[in-house]
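A, B, C and D label the chains in the order they appear, each numbered from 1.
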Amino acid sequence: MDATTPVAALKAGIRQFAAVRGWDPYHTPKNLAMALASEVGELCELFRWLTPEESVAASADAKRREAIADELADIANIVFLLSSHTGIDLSDAIAAKMAKNEVKYPTPV
Amino acid sequence: MDATTPVAALKAGIRQFAAVRGWDPYHTPKNLAMALASEVGELCELFRWLTPEESVAASADAKRREAIADELADIANIVFLLSSHTGIDLSDAIAAKMAKNEVKYPTPV
Amino acid sequence: MDATTPVAALKAGIRQFAAVRGWDPYHTPKNLAMALASEVGELCELFRWLTPEESVAASADAKRREAIADELADIANIVFLLSSHTGIDLSDAIAAKMAKNEVKYPTPV
Amino acid sequence: MDATTPVAALKAGIRQFAAVRGWDPYHTPKNLAMALASEVGELCELFRWLTPEESVAASADAKRREAIADELADIANIVFLLSSHTGIDLSDAIAAKMAKNEVKYPTPV
């Protein structure tokens, strides 16, 4: 569950999965970025002809929900691989980027 | 740090950031999937003309590393928004998908 | 053949294909851009784990060549639909953009 | 104009543009596919928060129309480079793919 799972545990899980299959040599940043484009394309395929409202409804439909969850998992795993292989801590990167975004998009008063 | 940050904390962080700016109505699954394609495109831009080996070296270069970290953060945040708005628990989705992948890609003996 | 086929003929071909199937209402610029992300993802899937050199060799392999050609056709057709539905003449748009790029990337002397 | 411009003329134009700048060695199929993901991401950026209806209106707004035209030109040029470097004739590939699609999506009677 997201409530109790540290990001590092998910990163370790997918690294282990890839390592035992001998996939590490393929997981350069360039290749992983390209794999991300491929997986995001699969997510876009699920929504491309739907209206935004229909895309909300699709997430509540059991069969479509599983397809969305599967694509989301694939995408997240590649994000975790990229974070792990580059040594970029995701939580730190997010904190740093959100500090920039606080300036770029100030809170409305 | 990823070692101690639960996924839920990152999800709550970006939800709060978006909520105070009034962005929630825009964050339908369709729009977020499209935003993901846009952010992944920015990550691909950093690597497109590099060899895989150069993409490894780029991650060690301070200036390029920051650009990669920023894009990775943007992508992760949209993944977290999608997870939060659809109510799909990311850790559970990953566990379910990896169980399928264990069958699809058996561990070599 | 590309040597004798005007761009307009390809645009008319895919418009006709879509029209007889009643697909026009789905072909808004937003949906088509999202479909493009989906199709480009399929092209990226063919190359993601290959080295750049292997991607050159793949184009010469009969089976892989057909897969690449199919994805290229899908992508081109969506570009033509976008051009047609927005009324943006592709040849004119390319000429205008390349004039900008001549300034941005001056010819080396 | 698309009405009179053969596809081959557009392909020759972008090949010439790249050749005089010494870019050919970078234009492997893998790199071009990745560049396509990057450019399609920029197109998606223009539409991600719009409703499908607003995306239609955006194409009629002079300033946004130019931005769309520029992205469309960038995408088309990479498609032409891929076609040219792989020797895959785009018009032939489209004809072959549409013959498959005629079977996959029969004309309603």
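The definition used in the following text is that a contact is a pair of C-beta atoms (placed from the backbone, for glycine too) under 8 Å apart; a residue touches a chain by one contact, two chains touch by 3 or more.
These numbers were taken from a predicted model, which means no experiment stands behind them.
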By the contact definition above, name the pair with the higher C-beta contact count: A-C or B-C. A-C
Looking at A-D, A-B or B-D, which pair matches C-D on over half of its contact pairs by residue number? A-B
Distance between subunit B and subunit C based on Cα centroids, please, to the nearest Å. 27
On a C-alpha centroid basis, what's the spacing between subunit A and subunit B, in Å? 3
Send over the residues of subunit C in touch with two or more other chains. 30-31, 33-34, 37, 40-41, 44, 47, 51-52
Which stretch or stretches of subunit A touch subunit B in the complex? 1-8, 10-11, 13-14, 17, 20-22, 28-31, 33-34, 36-37, 40-41, 43-44, 46-47, 50-56, 58-59, 65, 68-70, 72-77, 79, 82-83, 85-94, 96-98, 100-101, 105, 107-108
Contact footprint of subunit C on subunit A as seen in their complex: 26, 31, 34-35, 37-42, 44-45, 47-49
Give every residue of subunit D touching subunit A within the complex, in rising order. 30, 33-34, 37, 51-52
